[in-house]
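Two complexes come next, and they have one chain in common, subunit A, joined by subunit B in the first and subunit C in the second.
Entry: the complex of A and B
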């Protein structure tokens, strides 16, 4: 029982340690996400109060789109250094490798998203309310679902020259339910309505999270092959 | 490297697909003629929507067939992952190609009907429309993925995995859009009108015609794909033989 956990932890730790040492991807992704928030801010009248529906969409563009960069990097680095072979040759189950990569990507994305969430609240003049704490589980659920499918697809496109464009093209159509649920739940947090569907959206998000993680976990076996 | 026998069996399978498509041609022509008659002459004109409603028969027929095509992708993808037989991959690829064309037709005939009737080109929030749109996006992504991978076992495996995931995503999309819609109520529903018996028969014939058309096209494409793969392999082999000789 403990061995798989230790292996998963080792793989995730390895990725995160590399990232922590140069912090290149972290700063790039963070800056890109921040840039999205700023650029979209120009779309609104500076004096005007921005509406909940539109800004919840912007928030999710900033939270998820830059994540694609990291997903691609997580396998590209292994390809460049030729370490992917070593990883695949290790006498461990392939699914644990997937879980390790997935854990590292999730930690990375959630760390970026936490900071972006704070920047969002400041830039878009959101007054502090206790309900805003609900954004944390939303980001966690959507981020995990995103990273699960994303890690699988990143492994798939890692050998293709056009992987940088290909990954978002494959990823976002599949993630439509996640994005739909996340954006709508966020809108209800930012602009509370009576008799909302917030609980439904969170349920859908949690369901997607479980289904996508399980699906990617099963499919990874077929993607890395012999 | 595949043996001579295997090449022979591939050729035989391509031939079988072609023959099956040939058998279906007579029922196909008959059904298309019947569907045209049914949609334009037999079925009564809808009282409120008028003549434009007649596009409905082919719109629904195409939509049903497109979903069928993507179901074939799912089944063939699963079969490929189990058997590792290239035939299933080629069948899945052919189904995606035809399915995307059919979905494109659905997404263009829809607005032609929607604009005069609902006063909108595109009813965002309708689960049927949204699910079709997402399916279309997913399988266009499939085609892009397919064209960017070099022809090898890995490509078939990746495409099978993506096709299966894409198909299984459909019910989740459907659910999420249905909830979305309860928040943004769309006042008009496509099934808001009572269907007369004559309309129903015309619809059934159109659905049958579209399904047969889909089957014929998939069989033809599968056969073409198998043949072109075969040709490539033969060419490769003769090149190698020539190189060995001199």
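Entry: the complex of A and C
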């Protein structure tokens, strides 16, 4: 295996091993997401016609908002004993560190999102049909874009005392195109229309995914450098 | 001044580092030679940690030149600070294996086990670091820093948080490093212990070197007075 890939794998493996061992973020994120789904379930009656359009929004709030907890934790643990400093001291490119952290966050989020998606389908009585499989690539694309920008911003705010508050405030405005595309594409899956823009939303999501990942990859070096 | 018989491994020429409008280092020049054991003293805010981070290339200098004379940077420096730089939820062995792989050691497992044996942590190697005492953590931190056999070891207040026993163990380790001919730059507030192991004394004041003398030229009995004279200007 090439050295950069080996290092990226080691960093991601280390993060996932730590998470697997204490399961702090996993349980918190899952519980928070489940709570969102349950609260909206009671607040709205999914059977009502006017509510139909809002369901895809509820799903994405449950998929993305709790993910901030994991992003914050991924760098908080590196700050606790100065281990980020240990990573920076090692003869590894800073972009490899970014890719390692990004990979770990993505694997974590996609695993959790899979469970949230199942809970959503069950709670909101969504009838099983083949089109629902399109939700998987949507969740993957939006999750990757979310983790790319989120990993960068989590590194940026990691030394700030108010990081827990600051991260979502910085992150979500940037993610508006991702959320917009994801919510609209999901709506078209859940409530198919004849002349929809599903392909366009997916293209926008894919473009955001590439641009955000490339941007975060380039910017990470400057963020940790200072 | 450094002994001419020793080959220089690191040169700093008029290095400055600013944080906003504030200078942490001001035009500092220094040559570190192979095998030297340098003790760096100074009050809080004098720029000691900034100097170490600049040497470790964590902080780039705002002005001036920093030159390593031999190996590529990453492998040349080991760093121990008052924070352990260890993952509390991994075991001692897992921590060393992780760092060993980052440093691309040919056999990380053998190197990690060797360091654990050397620092008397073999029995605790499979324990989660969170359960270690502060003395054990500090030894593991030292093992991590020495794992890749660095050319230069930077120690930033390694005594902080250690009880008397831990301090004694660390002092023994530092003596061993000196015997092995390791090049060490040690920051400490403990004048007696710092002076005991070093071969050169530096005192930093407001980002500038206020004193740079070989250990032989310094009287242990008068060192406290010398220190305060240098610091108070």
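Simple rule for what comes next: the second predicted complex is superposed on the first by the 216 of 226 C-alpha atoms of A that agree within 3 Å, B and C clash if a C-alpha of one lies under 4 Å from a C-alpha of the other, contacts with A are read in each partner's own complex, and residues count from 1 in each chain.
To be clear about the criterion, contacts are C-beta pairs under 8 Å (C-beta built on N, C-alpha and C of every residue); 3 or more make two chains touch, one makes a residue touch a chain.
Computed from a predicted model, the values in this text were never measured in an experiment.
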Partner chain in contact with A:191 - subunit B first, subunit C second, else both or neither: neither
Which superposed partner A:21 touches (first subunit B, second subunit C, both, neither): second
Contacts of A:164 with subunit B and subunit C, given as first, second, both or neither: neither
Partner chain(s) touched by A:81 [first = subunit B, second = subunit C, both, neither]: second
Subunit A: partner with more touched residues, subunit B or subunit C: B
First (subunit B), second (subunit C), both or neither touched by A:131: neither
Contacts of A:89 with subunit B and subunit C, given as first, second, both or neither: second
Touched partner set for A:10, first subunit B, second subunit C, both or neither: second
Set of subunit A residues, in rising order, touched by both subunit B and subunit C: 225
Complex contact set, residues of subunit A against subunit B: 149, 156-157, 159-162, 166, 169-170, 173-174, 176-177, 180-181, 184, 197, 200-201, 204, 207-208, 211, 215, 219, 222-223, 225
Footprint of subunit C on subunit A - complex, ascending: 3, 6-7, 10, 14, 17-18, 21-22, 77, 80-83, 85-92, 225
Touch list for subunit B against partner subunit A, complex: 81, 134, 137-138, 141, 144-145, 148-149, 153-154, 157-158, 160-162, 164-166, 168-169, 172-173, 175-177, 179-180, 182-183
Residues on subunit C engaged by subunit A in the complex (per definition of touch): 56, 58, 60, 72-75, 77, 79, 81, 83-90, 94, 98-99, 101-104, 128, 144
